[in-house]
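The first chain written gets the first letter, and so on, giving A, B, C, D and E; residue counts start at 1 in each chain.
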Amino acid sequence: MMLSVWLPVLALMTSLLAAVVIFALPEQGYRLRTAVNLGAALVKLGLVVVMVWGVFRGVDYGVSFTMAPGVAFVLKADALSMMFAGLSAVLWLLTTVYAVGYLEDSPNRSRFFGFFSLCVASTMGIALAGNLFTFFLFYEMLTLSTYPLVVHRGTEQALKAGRTYLIYTLTGGAVLLLAIAWLQGVAGDLPFREGGHFTENDPALHTSLIGIFVLLVAGLGVKAAVFPLHGWLPQAMVAPAPVSALLHAVAVVKAGAFGIVRVVYNIYGVEASSVLGVLEPLAWLAAFTILYGSVRALWQVDLKRLLAFSTVSQVSYIILGICLFGPVGAAGGLVHLLHQGIMKITLFFCAGNYAETLGIHRLDEMDGAGRRMPATSFAFTVGAFGMIGAPPLAGFITKWTMGTGALDAGMDWVIAVLVLSSLLNAAYFLPILHRLWFRDPPRQWPHERRWGRLETSAWLYWPTLVTAVVTILAGVLASLPFSPLSWAELIVLREYSP
Amino acid sequence: MTASLLYALAGAVLFGMGLYGLLRLPHLLRKLLAFNIMGSGVFLVMVGLPQHRGGADPIPQALVLTGIVVAIAATALAVVLMRRYYHLSGMTTLEEPSPEQRPGGRR
Amino acid sequence: MTEWLLDGLLVFALLVTAGAALFSHNLFRAVVVFIAFGLLMAVAWVRLQAPDIALAEAAIGAGLTGVLLLDAVSHLGGIRPGDRNRGGRE
Amino acid sequence: MTLWLMAGLLFTPLAWAVLTLLTDFRWGRWVTSFGILVQVLVSLGLWLTIARDGGFYYGLGGWDAPLGIELRVDGLAVTFVLLTAVVASACGWHAGVYIDPDKAWHRYFWPLFWFLWSGLNAVWLGGDLFNLYVGLELISLSAVGLVALGGKAAALRASLRYLLAALLGSLAYLLGVALLYGQFGSLSIAGVATLLADNPAPAGSGLALALMVTGLSLKTALFPLHQWLPPAHGIAKSPVSALLSALVVKASFYIAARLWLEFGATIGSFAAAQLVGLLGSAAVVWGSWLAFRQQQLKQVVAYSSVAQIGYLFLLFPLTYSVSEAVSLQAQQGITLQVISHGLAKAAMFLAAGNLILSVGSGRIEALAGVSRFLPFSLFSFGLAGVSLMSLPPTGGFTAKWLLLQASLGSGQWWWVAVLLAGGLLSAAYVFRIYRASFLERPETDRFYHPPRSLEVIPLILALLSLGLGLASEQVLSVMALPFEEAGAP
Amino acid sequence: MMAGWVRTLITTLLCLTLSGALAASIWAIAGNPTPVDLPRLLSENMDRSGVAHPVTAVLLNFRSYDTLLEIGVLVIAGIAGISMAKTASLEDPELRTSDTLLYALQRWFVPLMLVLAGYLLWAGAERPGGAFQAGAVVAATGVLMRLGGIPMDFLRPGLLLRLGLGLGFSVFLVVAVASAIGGEAFLAYPPGLTKALIVVIESVLTLSIAMVLLALFVSAPVNDAEDPEEGGPA
């Protein structure tokens, strides 16, 4: 059926075309640009919904052609890719709405939205990539399209952050390329396959395979901000809030984590990975990163930097989850791919709202902001409790599932990590909530703007509330079909019994 | 050993001498002389070596004729460039101009 | 035997003139020696049974190149005393 | 049909050279655009013909090798012919708008341009050692003429330097030809290769190959023989720089590669191949570093050429005593690198020319704030830069991928480090320029806006180099076509 | 930087080694027979070449493509040369050489040389001689006249000069293409016409070669007319 070929391509092209059109539009074409942006985001969401339904029923979406001798360009939609694609489609729509409001009256919007769309196109490509080669193609495209977003403000600080970002990600990319080329030399062009490729591998290959795995994880770990490769992430906070939101919740860090999931599940296979003995060290590394990020977050005074370290910590939940040898833990890790995205984007939207409406950037300026901006602060509270893992929010589902999985797998120490991390999360989030709701507001906000009826611009207001509500729903309705948890369980089901 | 071979060997020496001149002599005109001497060396090898075995060989001779014309074209072009360069910079070598020499041409 | 002598002398003269053209201190003299080199090359071509090249060498190599270079050397080095050290001698 | 295509390819550039010699710049522009049309059609036609029927040898004047001059019309040659058509027409089009028609000497641009083109076509198709020499000289002298055109002292110094280097390189090559002719009595590359395949490598041919490769490396500006390149490419007018970097240096490399692939297996040695590879690697590192240190925009691009040329010389070690498959991978990788660098570098020089035209200065700092006003030229520059960094999905990436595979496959893993480091180093200098353009300055639009056509041309080239990565399989498949030994059509 | 004498030493060693290796290679090569006997092949095909002199046959028939490109090289040099030339009067007294030797040469040699050129051209088909030699002699004559102060206004960069530059080349080219239209391969002269065509080509080539060389000679001098400026903004 033609549609099965064209759907993934179309999903990719919507944002790619949007980027081209936006680049070509004049800077002043504000309405048209917004229309193109939102239109493309809606179309894409529609396409992804259709594909999700199709994948659920077992339709194979895919297209491939030979790009260079020995390697193919493959787009393929499986359950895992639809999880990531769905996340990026939903959040693109919300972030676009948010960004339109956020960047009102600022210069270079044409450039911004162009690269923004390119960035989403890359994310889509990463989600739909059917082999490592295609994955790498979009992975590097993502690096390039996010750089202009990071340095968007053009200040010295932004350019410095951009340079750090590039040094980290391009070096990571080079390491990843080496690993992929080596793997290709050892085993040929491997498509992503449920259950992996190395179930009955030759023991002679073990050393190479371990070496390749280390390189792959090192290359992907840069974007996933795994300790000690996380240095770029807090610096990249100079970017505008929607960009930070996008970088943290969907695009960059998730691309790294998603890549690690792909490698473990669809290239090596869980069993082969555990036979090779590479999962256990990775689990330890992830656990360490979880605690390390939380501890560093305790000492931050800048809201966005705090959120950045929180991201460092949270993304490693995903990695820890997939390293737990067992379906339940894996589902916990995978579901966090979505949950963390939704919660973190809520928090970043809030941070953006505070900055844009009241000029608040630092924690000690947040006193009493809950009275001035109740809706935003409500959303922030939801996000923060989610991160801590309070029931019945999304974060709780993650931690509960992962904890169960760890017990199943006999890795009891993970429970300790989860508990400790939750305590640390509480330790840095609760003081903020206290400031928001229980301190008196200052007489004068640092830089206040007013938007009439709502507490802030409608473009900023509604996306924030929507994500907050979704955070609640993802937790409360976790047992319904098509909830993140059910979908993650579907993936794990297909993964463990291919 | 024939006379042809002798000339070919002389060509080898000329090539080496010319190469030295082209690399080490700073004056542009000397470089040009060196280039022509090198060229002559190559042409001697080209004709002398094959003729060592059996009499006149018209093919390398024709090639050398072509080569000579190319060489004169290059030489003439180099002279034009050189004189223009000298006119504008007052220099006859390829060294980077020192700061006080930089502005404008003299004459 | 005389032929060998002739060839030997010719080759020797070629090498000497080439060396002089490259290393003589006076640029003008160098160019004049180079013209002599060209004429000797023409003779060498005759010895190599290549009259076509001999003619071309005499006309182009010695004649035209020589005049071109002589003209150039008189303009590049010779005219103004101030340039003598830069132009005439390296 | 093929006859006519060959005629068009070899003789129309020469004819247009004469025609444009008789016109002034403005008229030359019109005459040239017609010529470009013809050339593009002819090149495309020949490419399609070869893609359909396979390659052949063509004896000019009805005389076959070894007496006559033969042309080798195969997939690789026509691919480069097509590349030349694309890049040269872009540069010609750009030059027509870019170059000031009121300067009297600019009328000579067009004849030199056409002679350069005809020399390139002669080299791509050449199968005769001496004919290649004449082709090389045709290219070198017209390139020197183009660099020097109406130039100031610095341009003349650069062109003199370029001329002397080119002449020295040609002489070394010619001496090698003389030795080979003395050895084999034949000037046809294919003929010599056949003779070499039958007997063990004869004495003296090693030096001949070394001389030829060294001379050609000098003309290609392989480290440490590269010093002539940056001044010449940096100071020429942008369309000329584009032609020089994209095509001219490739011509001498192409000959060196052909010689190596035909003769290297018998008269090359492992040590020599490694040495050339090592020099290429040094070029990658040193050229990138110098590119990073430059203050002038075009000098950055010129030094980047030195670095990118370095990759090409990895062909030597990666095809010497390795398996067929690895050798093929390496050859394909290098071919792609030549093509993608050609397209990307031309785009980059043309875009750099536009940027310099708009900010009125060649310095990198002058670019501050330009990203807001000249997004197109900057975008083309960046896109071309992506190809130089060999990031996906550009042609440069596919090239690097194939070279990586070849290095790993041949066990010569040390080249992997060069390939990966080279990409990062080129990222450093490309992003340095990008960074400068992103700096925000309070001034409003103070830039001259060049005509839209000037901005479109580099964009097209950059997009082509991007598309090459996606379509490299198709491009490479023409290269691998079976070769018909049957003679002239 | 390296000291000067170190560089000189290295260069000397390099050149000595190269010369030595070259001589050794030549010696080694001279010891083996050539596998292809091209001179014999040439003499076998001489009667199909249309001319009696083998070098001319090679230049203008067997390897005429080389010659075509070579004339191209010459024309390029001419173009590049005159692109540097100024349009100021060619009668600039400073250009006149006061060299007495040249003056004497001029008086005696000019007529002689023109005759010689004619002979060389005419003889080219059967005996040594031909377009290059003749062209060079004509050019040398022109140079002598020029140095003697004869203005030769046609060498001013103008349409006439450019026509002259292109003439020989275009005739060659036209013959090449016409031979293809006539059904033969490129540069294959129709049987019977070979000799005539070669003579025509030789004559126009002589003119063009002389013209290019003279133009280069004339455009070499630089006078104060105007400084060239950077053309493009680059």
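The criterion applied here is as follows: a residue touches a chain if its C-beta (ideal position, glycine included) is under 8 Å from a C-beta of that chain, and two chains touch if they have at least 3 such contacts.
Quick caveat, the model's predicted, so the values are computed rather than measured.
Following the contact convention of this document, D is the list of chains adjacent to both chain A and chain E.
If chain E is left out, the remaining chains stay linked by touch in one piece. The minimum number of touch steps linking chain D to chain E comes to 1.
Relative to the centroid of every protein C-alpha atom shown, the closest chain centre, again from C-alpha atoms, is found for D. Taking each chain's centre as the mean of its CA atoms, C is the chain most distant from chain A. Taking C-E and A-D together, the chain pair joined by more C-beta contacts is A-D.
Chain centres here are Cα averages; for chain A and chain C they lie 77 Å apart. Distance from the chain B centre to the chain E centre is 16 Å, each centre being the mean of its Cα atoms. As a whole-number value, the distance joining the C-alpha centres of chain B and chain C reads 11 Å. In whole angstrom, the spacing between the mean C-alpha positions of chain B and chain D is 26. In chain B, the positions touching at least two other chains are 8, 13, 15, 17, 19-20, 45, 49-50, 52, 55-56, 59, 61-63, 65-66, 68-70, 72-74, 76-77, 79, 81-84, 86, 88, 91, 105.
Residues of chain C in contact with two or more other chains: 52, 56, 60, 64, 68, 72, 75. For chain A, no residue reaches two or more other chains under the stated contact definition. Of all possible chain pairs, those that touch are A-D, B-C, B-D, B-E, C-E, D-E. Within the complex, the chain E residues that touch chain D are 21-22, 24-26, 28-32, 34-38, 41-42, 45, 61-66, 68-70, 72-73, 75-77, 79-80, 82-84, 87, 159, 162-163, 165-166, 169-170, 173, 176-177, 180, 184-188, 228-234. Every residue of chain B that touches chain E in the complex is listed here, in rising order: 5, 8-9, 12-13, 15-17, 19-20, 23-24, 45, 49-50, 52-59, 61-63, 65-66, 68-70, 72-74, 76-77, 79-81, 83-84, 86-88, 105, 107. The touching residues of chain C, when paired with chain E in their complex, are 51-52, 54-56, 59-60, 63-64, 67-68, 71-72, 74-75. By the touch criterion given at the top, residues 23, 65-71, 73, 107-108, 110-111, 133, 136-138, 140-141, 143-144, 147-148, 151, 153-155, 159, 162-163, 166, 170-171, 173-175, 177-178, 181-182, 184-185 of chain A touch chain D in their complex.
On the side of chain C, the complex with chain B involves touching residues 3-4, 7-8, 11, 14-15, 18-19, 21-22, 27, 30-31, 34, 37, 41, 44-45, 47-50, 52-53, 56-57, 60-61, 64-65, 68-69, 72-73, 75-77, 83, 86-87, 90.
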